[in-house]
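Each chain carries a letter (A, B and C) given by its place in the written order, and its residues are counted from 1.
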């Protein structure tokens, strides 16, 4: 669990940390969208430079981002290899049966690789510099218009923030239950597939039981503190949009324009 | 003495059970007293807490809080007068950070933000946790988490604080800081404290002890008289206070006054018998 | 089994900001068939230490010898079963490990993982449920229908059912009422007198004074003292450095010694305390 960098917040302070989470959240998704506009070496190179610059601004060690790639390693490898050998080409460098290796295939797989790196780096940048609660606040704020169609935005946001709050607790609980069952002779990851799946039953059942008991306790605690149905509540957290957030948005627009220009170049 | 809570002939049976958890129970709790409720696991202590806070509804009987019989309409109002600190510090932490958690009750009451910021700060100051304001709960010790829970309750300015075994999962340091805090707050804030506990030493802080057994009040007296029960205390899931145990092991040699002696009284008496020698 | 820690260091992953403290060059000898208490503040490394005994954690450096088995940084995860069968471990709030649909099956789970036949495991379940003070009629019930205290006993029965030679207890009585606590502690003391090695992690110094033969004091991942309860609770340096709290009897003796009384060694149990008071009053 400690290896999973994507989705973890790293306490720190820099320009990227100070940006409004709503802006960061939207910019991240916007950026993931425009990654798909890149179509040649220059445009990919340009985006890569931009992301590396953002990483530099965040003052977070590049190592954290590289480690973020690790859990995705097999997915990346699989996709890249698939592109490398299955891109049809009239001028193959090498071919064997349905496998074809060509210059086009190599270039496309290199692009795909960079695309993965870009997407993982920016999402890692978002989660490393934004606390889960800020992300859930952003979602609430972005979804606010949906209130008009009676979508329970505040309740969903509270649900989300509570869920986020309990993730580390459940991770601890899982580790504890696993230790207890290992001490009782369970071998995780040994034997055939069926045996392996079976060995998770002694983890899953206790985990469900404790999740329910936590949920029950929490519901009682919330009610005792006067939580009714989410209506008529005031909010302690406020998000504030400042000049630099507007600037960040403008930078994104400029990036898009440059990208469109390079693309048709 | 004025009653802040008055429970009259209350019975409650859990939906999936046959025997009632609380049986025709009547109990008056006075304003500003510190009351301990003790009893074995399963004697109905925690059920009583939930009934008082209207988290479950009694089958028969009435509960009056600050002069009002609670019902479905006024329960939210009554709840604002009561703050509960539960047993497991991890299971009552709602906010993502300390300050968010303290603000939760105020948010529920729709308190305007400016006022909320002020009250969150004040509450954190009262429990001496200001410097942890932006920390996430995972980085706190058990005792610190309970102090945050207390701050969350104090922020809404209740008249009654119920401690539902709130120190039982803490290490000795955590337990001591939480109890010292409650002692201090009680004098500063003029609150009624109801403490549900197994810890006999903790009951020494209170003015009255109510012993529950099988959903009924079986004893209701000042601590000294309850401690006089001696070994019989174990029938109610309690142990004898340390000073009583020492006293009974000394009585065959040293002449001590009848009845329960607290630690200071015992020490004085032991000194006396030494100087007489 | 004798358990020997030799220069054991354990560091949790360096990049984990929430990492609990590990172990720092711990060498200690846990004696066979004794009742050893491990004490120290929260986060001092007590739980980390005992998790090495059944190789739930492996040392970053150093070795642990458990009977004839050696655990080193290179010990692999295969063939740990004989070790784990011999070292039973009762975790904090062990009721959270229950998962089977009957109490009987849950108690049988451990033994059967270690290759005991179904018949023998059943026998063990019947023996153990009585040992932990519950009636045999509970065997057919679902563990989730029991009270918290009963679930605790079932979980303990499940650990004892493999007949481990060494039993490790991580605050086994937390949250129980005083009567239940005493019953559970007496149970473990009995097991020790029948020849088992018992290792107890606790914050309750009276339990240490009443039950333990040996004490290990941990602080910031290091072992700062070991010895009999009498020696440890009379270790002035530990008290000065605030690494230790005292049993109630010792605190009482300290108060008495403000006038008339003089204790060369602080008594740590009620019976020691009263014997000493009587002796001094009678002036022998």
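FYI, a residue touches a chain if its C-beta (ideal position, glycine included) is under 8 Å from a C-beta of that chain, and two chains touch if they have at least 3 such contacts.
Computed from a predicted structure; not experimentally measured.
Taken pairwise by the contact criterion, the protein chains are fully connected, each one touching every other.
When you average the Cα atoms of each chain and compare centres, the chain farthest from chain C turns out to be A. Centre to centre, using the average C-alpha position, chain A and chain C are separated by 42 Å. Each chain gets a centre from the mean of its Cα atoms; for chain B and chain C, those two points are 30 Å apart.
Mean C-alpha position of chain A lies 44 Å from that of chain B. In chain A, the residues that reach two or more other chains under the touch definition are 168.
Residues of chain B in contact with two or more other chains: 138. Multi-chain contact residues of chain C, defined as those touching 2 or more other chains: 18. Partner chain A is touched in their complex by these residues of chain B: 50, 53, 55, 76, 79-80, 82-84, 86, 88, 90-97, 99-100, 103-113, 116-117, 120, 137-138, 152-153, 156.
Considering their complex, residues 2, 10-11, 168, 173, 176-177, 179-187, 190, 201-202, 205-206, 209-210 of chain A touch chain C. Residues 13, 15-18, 51, 54, 56, 77-78, 81, 84-85, 87-89, 91, 94, 96-99, 109-110, 113-114, 144, 158-159, 162 of chain C are the ones that touch chain A when the two sit in their complex. Within the complex formed with chain C, the residues of chain B that make contact are 40-42, 87, 138-139, 141-142, 165, 168-169, 171-174, 198, 200, 234, 237-239, 242, 245-246, 249-250, 253-254, 263, 267, 270-271, 273-275, 277. On the chain A side of its complex with chain B, the touching residues are 131-133, 161-162, 164-165, 168-169, 213-214, 217-218, 220-228, 232-238.
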